[in-house]
Amino acid sequence: MTQFLSDPDALAALIPDGAMIAIAKEPLSPVALTRALIRRGARDLHLVTVPTATYVADLMIGAGCLGLVETSGISLGEFGPAPRFTKAVRTGAVRIKDSTCPAVYAALQAGEKGQPFVPIRGLIGSDVFESRDDYLTMPNPYDPSDEIAILPAIRPDFALIHADRADRFGNVHVGARHELKTLAHAARQTIVTVEEIVDGDLREDPAAAPNLIGSIYVAAMAEAPRGAWPLAAPGRYPFDEDHVIAYAKRARDDDAFADYLREQVFGAPARSAAE
Amino acid sequence: MTQFLSDPDALAALIPDGAMIAIAKEPLSPVALTRALIRRGARDLHLVTVPTATYVADLMIGAGCLGLVETSGISLGEFGPAPRFTKAVRTGAVRIKDSTCPAVYAALQAGEKGQPFVPIRGLIGSDVFESRDDYLTMPNPYDPSDEIAILPAIRPDFALIHADRADRFGNVHVGARHELKTLAHAARQTIVTVEEIVDGDLREDPAAAPNLIGSIYVAAMAEAPRGAWPLAAPGRYPFDEDHVIAYAKRARDDDAFADYLREQVFGAPARSAAE
Amino acid sequence: MSDIRLEERLIHATAGLLEGCPHIACGVLSPIPGAAAMLAARRHGGRVSIIGCDLPEYRCDGGVELFDQAAQGRVDAFFLSGGQIDGQGNINLHGVGDYPEMDVRWSGAFGSAYLYFLVPRVILFRLEHSRRVFPEKVDFVSSPGLSAPGIHRPGGPHALITNLCVMMFDKAKGRFRLASVHPGHSVEEVRDNTGFAFDIPDHVPETPTPPPDDLALIRGDIAAKIADPYPKFARAVFGIGAEAA
Amino acid sequence: MSDIRLEERLIHATAGLLEGCPHIACGVLSPIPGAAAMLAARRHGGRVSIIGCDLPEYRCDGGVELFDQAAQGRVDAFFLSGGQIDGQGNINLHGVGDYPEMDVRWSGAFGSAYLYFLVPRVILFRLEHSRRVFPEKVDFVSSPGLSAPGIHRPGGPHALITNLCVMMFDKAKGRFRLASVHPGHSVEEVRDNTGFAFDIPDHVPETPTPPPDDLALIRGDIAAKIADPYPKFARAVFGIGAEAA
């Protein structure tokens, strides 16, 4: 049964150092939960970005929470490179496993289906493939002249998800973001923050029922209003462009980034920092 | 772009003899379209049931439309065996490829993802596996001591789908039946009947948008009210128990089944037969 | 208290076999297992999925998600039946005679050739105890009871429940052991009507009678709830219509 | 008629390369390709998916479905860029120097190591034409321009569009051919600023000026529509705000 906890910091305490965590791309990235992990001093986490990441990954890397990041791409989008990521890769402060978006999706889907591996088109001949000792090739058994790439399934220890709403049974509404269902199914446990916990049973709402992560997957949950800020939560609040532009600037300098962490992450719990 | 045709008979004319068709289990099975295929005298079709079937498969087999049926199970559920199916298998009138439900789903998902094959748990050591020369085993490349079954992807020529509603752009609402999205994505073309074609753009309805088969997959569509009758269309009409019980009885006898076809299928177009 | 019906006794006995299962799934044509799952969940906590049930509490479309959950290790118990079940726990859902053109053809494997491998406690349920149904060897192995080493096999047969008795499956020995016989029946009757060899301990208890509180729960809440997925059963056994659900 | 902007010329030139594509997809940071796709669809019919666009007509979440469509053969054209692009059509989105601890690290491959293999017409788009961007050989092959025999490769580079010229990729020869040079620039300028060898025909035309009707469409309907996915671009190039969409 889903545990209901007081806030993201209580959730962060459930995630041990060294765990493999997976976080999906914007919008609705779990920023408040990420900041709570930084506050609890998480170390040596293996982050899988689904399939890419922006601010969240850069923040965790800069705060020293990650030992390994597995990603198809990390940047601040139209606001340029992710400064802590690019520096950490350059200096070797974080190990990187590069991938390509559909490979991350296919590997998670294999995890969801209990398939130990999955074939995928593309990849062969790229340096992305060459850089991955866990990516193999094999002949298609139905056409031996057809060489295809093979990936191991991904089953994260924890999927970290921020969603718009959930009910008190632990069912989480993800709307059209069905890749979040695949992520939760593939993960051993899913830890969720939501903008709002609603009354009633979302399974009884025919519009919501097809688009839920069932409570069977959800180990623990907390309400975290503005839990995606400064990233967007569609229908709740927009992307905070000023904040991210300021972040992009401060993250280029070690001291300015340290100030940012003190001020924005350690200075206050995610919740009030967001208001 | 999706073609909009007058009725199921116009759709049936698009499906050539010998084609591989796939039909999903109840509720909302494409009965009117099936009856139109029988009226047009379709022959040697390869039916893939997704993953099982009842009345629809029994009817097509009895009418001689199928050369091969690939299924995880065909019966009339609580109304007993499927008489035309059991007789046709016994006499060899139809070839059968037996499978198991999750194998059909996994093979369609591989088709959707353009993967030529897919590994799956289970199956090994069953006579289902032994009976399939297209099912193989291989060692898991990440653990050679782990032997696993391999299936070829399924990409039907035509997915035949009956849905509650669609819009005039060709977007089809499947609600929680997301396996119908996988089916349409895996198929080369999807042919759809719907209870009702609605005004507006279903993509603009946030409750509907996550649960649509996009028009890019839908080659042709026709309105077919009561198009699933005598099977159920949830929210529209219930399962017609009297009809199916009578069918189960008549289908046990060759002449009585021939009468049933004359009366229920050839006697009138599916539409009026349903009213 | 009125007489105990066989169905009620089996619901109680089956529930006992489900103790400690966080997630129990059962099929749309399995009213007794369904009721047993509900009873077990009430007694020991845990979650029940009933394929085809519309009550949100038990809803399960029997589709992709249930199969994926089984592979993820998220289904702890399931029920299977068979036109034939043999002493090694092999089940036959395909028919009698030589495949493919069998003398009698049944429906097919459904999910059995997968779920039987992956769900730790699969309870075999068949209320016609005869040598025809329980032969020494099935004509067709829709799903095997045991797998060779090197085959991923966390699941398999746990028990067999019939109209005469309860048998437990011993995976190490690869055979069934008689666990209890229902009142009014005997070990001899079980032996005479079973086509395969199985172990018989010196003392074979009677399948227990449900205690009053369980019986009250079965006849009350549970009878009302199973009227949704299993209206015919609720009517026949408890005289309850779906509207009571 | 006012002066033709480079963006307008490139939208028109790119649209010409998309003729006959039933389904064109493009990324969220690709306003000129996005506008070109809209123009091509208007002129020749067909469907446009713009990753991150909220207009139902163009909506595409850039997620699983787009990648699956590419593998199904349902995406006919796509756009890629690169921090480096070389003469064999190899693209580098990872960085400069020795992997993994590169001197300069960029974002990563995104979907390129897959879509480049599967989408028949991939148009490479980079508005900084220099020897730094177009070296003889990329430092890191995020995705290769060509594949060995036996590798499923229905897709690959079709053309390269820069601020100086349009080049077409010849898959048989595995190299680019200069197709047109934009007004105000010369073949020499292109050669001087390109680090890789490419074919230069005897006569190299000027990249054509959009005819009035296309220009009207670009400045009208299309400018208004791309204000949704590309507000900054619409403001900068056409002085149009998102509310106009």
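Note that the chains are named A, B, C and D in the order they appear, and that numbering of residues resets to 1 at the start of each chain.
By definition in this document, a contact is a pair of C-beta atoms (placed from the backbone, for glycine too) under 8 Å apart; a residue touches a chain by one contact, two chains touch by 3 or more.
Computed from a predicted structure; not experimentally measured.
The fewest steps needed to get from chain C to chain D, moving only between touching chains, is 2. Between the chain pairs A-D and A-C, more C-beta pairs are in contact across A-D.
Taking each chain's centre as the average of its CA atoms, chain B and chain C sit 29 Å apart.
The centroid of the Cα atoms in chain B and the matching centroid in chain D are 41 Å apart. Shown for chain A are the residues that touch two or more other chains, namely 113-115, 120-121, 146, 148, 176, 178, 209.
Shared interface positions of chain D, i.e. residues touching 2 or more other chains, are given as 68, 71, 118. Viewed as a contact network, the protein chains fit none of the simple shapes, being neither a path, a ring, a star nor fully connected.
Pairs of chains that satisfy the touch definition comprise A-B, A-C, A-D, B-C, B-D.
Residues 1, 112-115, 185-186, 201, 203-204, 209, 214, 216-217 of chain A are the ones touching chain C in the complex.
Partner chain A is touched in their complex by these residues of chain C: 23, 45, 47, 56, 59, 65, 68-72, 74, 118. The part of chain B that touches chain A in the complex is made up of residues 106, 109, 113-121, 134, 136, 138, 140-143, 146, 148, 150, 152, 175-176, 178, 206-207, 209-211. Listing the residues of chain D that touch chain A in their complex gives 28-29, 61, 63-64, 67-68, 71, 93-95, 99-118, 140-144, 147-148, 150-152, 232.
Contact residues of chain B toward chain C in the complex are 51-52, 71-75, 77-78, 81-82, 85-86, 89-92, 95-96, 98-103, 105, 120-129, 131, 145-148, 176-179, 182.
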